[in-house]
Amino acid sequence: MGNLSNKSSEKIKSYKLSKKEVFQITADTYLIVFEGGSFDFDCGQFCMIDVDSYGLTRKPFTLGKFEGNLAISVKIVGDGTRYIVETNELIDILAPLGNPFMPGEPERARESNGVVVVAPSCFAEGYFISQKFNVPLYVTSKTPFSEKFVEKFRDKNMEFIVGDSEFLGLTERLNDSDFDWIFVSGSKNMEKIAVKNLYKKIVYISLNEYMGCGIGACKSCAVESKYGIKHVCTDGPVFRGDEVCL
Amino acid sequence: MGNLSNKSSEKIKSYKLSKKEVFQITADTYLIVFEGGSFDFDCGQFCMIDVDSYGLTRKPFTLGKFEGNLAISVKIVGDGTRYIVETNELIDILAPLGNPFMPGEPERARESNGVVVVAPSCFAEGYFISQKFNVPLYVTSKTPFSEKFVEKFRDKNMEFIVGDSEFLGLTERLNDSDFDWIFVSGSKNMEKIAVKNLYKKIVYISLNEYMGCGIGACKSCAVESKYGIKHVCTDGPVFRGDEVCL
Amino acid sequence: MSIRKLNLRSPLIIASGPGGFGEYLKIEGIEWNKLGAYTSKTVTYKPKEGNRPPRMYAKGGYLINRIGLENPGVHSFIKSLENGEYDELFDKVPVILSLGGDFFEEYLSITKIIKPYTSKFIAVEYNFSCPNVKRGGLSIMSDIGEWKNLLKEIRTEVPDVFLIAKLGIEGGFVEENAAIVKDTGWDGVTVINTIRGLMFNDEGEMILGGLSGPNLLPIALRAVYEVRKRLSDIFIIASGGVYKREDVELFLKLGADAVSVGSALFKNEKVLNELL
Amino acid sequence: MSIRKLNLRSPLIIASGPGGFGEYLKIEGIEWNKLGAYTSKTVTYKPKEGNRPPRMYAKGGYLINRIGLENPGVHSFIKSLENGEYDELFDKVPVILSLGGDFFEEYLSITKIIKPYTSKFIAVEYNFSCPNVKRGGLSIMSDIGEWKNLLKEIRTEVPDVFLIAKLGIEGGFVEENAAIVKDTGWDGVTVINTIRGLMFNDEGEMILGGLSGPNLLPIALRAVYEVRKRLSDIFIIASGGVYKREDVELFLKLGADAVSVGSALFKNEKVLNELL
């Protein structure tokens, strides 16, 4: 609050990027891979995208990497996300925003033993984290995955899970597993269930709150936590599940 | 004012009409001919068209006839007119509105000797009047006519005139002609010039004012006249040029 | 004062102004039995010619108008009443009479003049919020103390009439003004009226008028919410930005007793058939 | 009182709130030399946690927010000032300080506390129009008499500071309130603030907040017009719905001395480079 310094060292800039490839993940969700490796960022961080006349605010998306390129996954839920998926124009991205995700203490993060569970909308982020920490990735969806997409990733350290009860089953399995931490990113509801069911574990969740600025100015992205009000854009977006009120 | 009776005998209804043919008149103006002869109306009257999500009010257009069918001409000036020209859906038309045009005294109208001068946007109306009273029609435009369109109408009692100075020339010629009356319909500016230049004649003009309701309820279409405030939708739309303040 | 409610056959009302003096009867196909009431255009003490054209324009989600309360004045209105010019209207739908004036005295005078005719109407709505007149209308709210006295005097003058005050969001907090309306023994409020706006039309003419249309909706919803939070026992007619059945439902959910439709008539009068 | 003008290097200002306490400096590529001033988020006497989430939503031409003046409070703010946390901000652009409070006394107390630091700012803007706090903000306007006294006392307390009152369109006529501001010797007004609205977000949660964004433009234009018509000699900062160069030009044409940008920053902060 009232603090001008950003926790990430990288200066925030807006970049105009062109799409390299768009893969359909599920009926309404897409993986968008951009040309070139435009800027440095770490997993857990996000960007804000200008949606032209299709929304009054930039729209936040978690960042990922695919084959060395910047990637985001986008679920179409309204005009802005539809624009992002469909446009062939350059996309104006403000990044990198928020804090890098680090399981446990920074020194010991790489040795730690975790697992990543994401909804298709957070695939890019999940994939990036699973690669970085070399941990398994579960992509869970209510609706079926595109077969082509599953084909493409089948050989990687990754599992595709479809259905609500299958997701609940996964959380139970993971709760009894010997992983140290579970990173969960998806809808509010999905994260809520994960935190509740994975009560034996350290759960990290990437929060969703309406964002005006993405840089700590507007205070719109507040969440209630054990320690009072926190802001998703500057204190997160990743929080420990037991520390925030869902 | 406070008078519930409409001067036209026909009840006002909304009709859903389908387009039969659309002819391009000039670069931005079209003649739209509808299927069937849905309702009775007289020349000078107008309709109000629902433009779906492309405008907050119905949009007024003068009525005409082409080969026995209802016709309007539409100049694209904004979202509503673009919709009307481009849509393939049924068009929702409220009609007939306003008063029939009658040159001079009703009894002697048919013998009277007039001429009709319209902009392309009022072609349908002008054509209807010229046919009804069997008087010449001048269609005047700042921009060139579609050749196909001119072809189609060349043989009729009609002349196409392009250019500002040509229009001014026409008004001078008509002022010195032996016609009794001139009916002018087009932009405010065109009607203003016509009234000014045709000072020796009785000039009838079809007025344009922003219309909310088209039926005398809202009082938005007021014009100032010699006799105080008049309303285009219920007192007009045709007025004598020397009686209104332009 | 006991709490009174307007017993409407439906909560749908035509707002004062857009519906004129019943002109929509001229259009076939409107299901009048679905309508709870038709509010007349505001009648003022003196006849009003209204403002010089242009009087209306629309762009995006707003319509702007500066009609300026054009109306025949109360004496001519009464003549029309007596001539039976509105009989068809009274026949088809209950009518709410909207009244206005330039000064406090005119509001009172018009009340006295109209008194013998009030039984023809299910309620009388006083327009304290027209932004398009130099005097009267919204400007009445510049002196809240005087306004309160006026409310009291009108109440005393017509103790049996169902009295509604139409309030805007300017010139005082709408919920505070509604509380004054309640305190002085009136029965209801209509909230809101148009909001003062400024737009330029395509000819580049500046239009100082009142904003209506879809963009008013969130403001009107809030006003109804605030008035209902403050006053559980006042009759509320919602006004502002009603175009869809969902809008009507929202207003009713937030505590409105009835919902009025204004500008939407201009988009398509058939909206009346679709709102319930 | 002689008429004072803020000598801005450009008429473009970042509005209080959306710009926080200078966070936009973190973003590269904004042409700071094009900016006349950066208004800080409103600082209140006591620290404020703000409202419970959700705090924002946008649909159509409106953004709604109910931040609730989250801020560290004046004491912590002063600590940051003294620590040099805002030095980069002061370096890049002139700063207007925005102040608020829950009660009249708090507005006065904060004035006294901030007094020694006022020279760091080109002006101090008092927020009398935040609709998102239970006390203070807009609700201060419920007692215009008291408010007038407050204005006088603040003026007396800091006779040399360029004092600006930020007014909304609710709780009194904006031009009448502006006249009071002028009469009590203040230098300027910022008009308008957000308007109270009610919207439901996609989760169906009701958001009672302040409306900002493009739909405010015709209302804000009108407010500036009315204030300027009434007062030829007050400094006016326009606020509401500025997204395009044309909007800025219109406000200036209607008599604003400066124009502030709020919500448009959220669409794309580069808007600042394009407005002049």
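Observations
Going by the order they are written in, the chains are A, B, C and D; count residues from 1 in each one.
In this section, contacts are C-beta pairs under 8 Å (C-beta built on N, C-alpha and C of every residue); 3 or more make two chains touch, one makes a residue touch a chain.
As the structure is a prediction and not an experimental result, all values here were calculated from the model.
Identification of common neighbours of chain A and chain D yields an empty set. Relative to chain D, the most remote chain by averaged C-alpha coordinates is B. Remark: chain B and chain C have CA centroids separated by 35 Å (rounded to whole angstrom).
Rounded to whole angstrom units, the spacing between the C-alpha centres of chain A and chain B is 60. Taking the mean of the C-alpha atoms as each chain's centre, chain B and chain D sit 51 Å apart.
Here the CA centre of chain C is 34 Å from the CA centre of chain D.
In chain B, no residue reaches two or more other chains under the touch definition.
Across the assembly, chain C contributes 61-62, 214 as residues in contact with two or more other chains. Shown here, the protein chains touch in a chain-like sequence that does not close on itself. Across the whole structure, chains are in contact as follows: A-D, B-C, C-D.
In the complex of the two chains, the chain D residues touching chain A come out as 17-29, 41, 49-58, 61-63, 65, 67, 70-72, 76-77, 80, 85-86, 88-89, 201-202, 213-214, 263, 265-270. Taken in their complex, chain B has these residues touching chain C: 1-4, 6, 11-14, 50, 55-58, 77-78, 92, 94, 209-213, 215-224, 228-229. Of all the residues in chain D, the ones that touch chain C in their complex are 60-62, 64, 141-142, 169-174, 176, 195-200, 208, 211, 214-215, 218-219, 221-223, 225-226, 250, 254.
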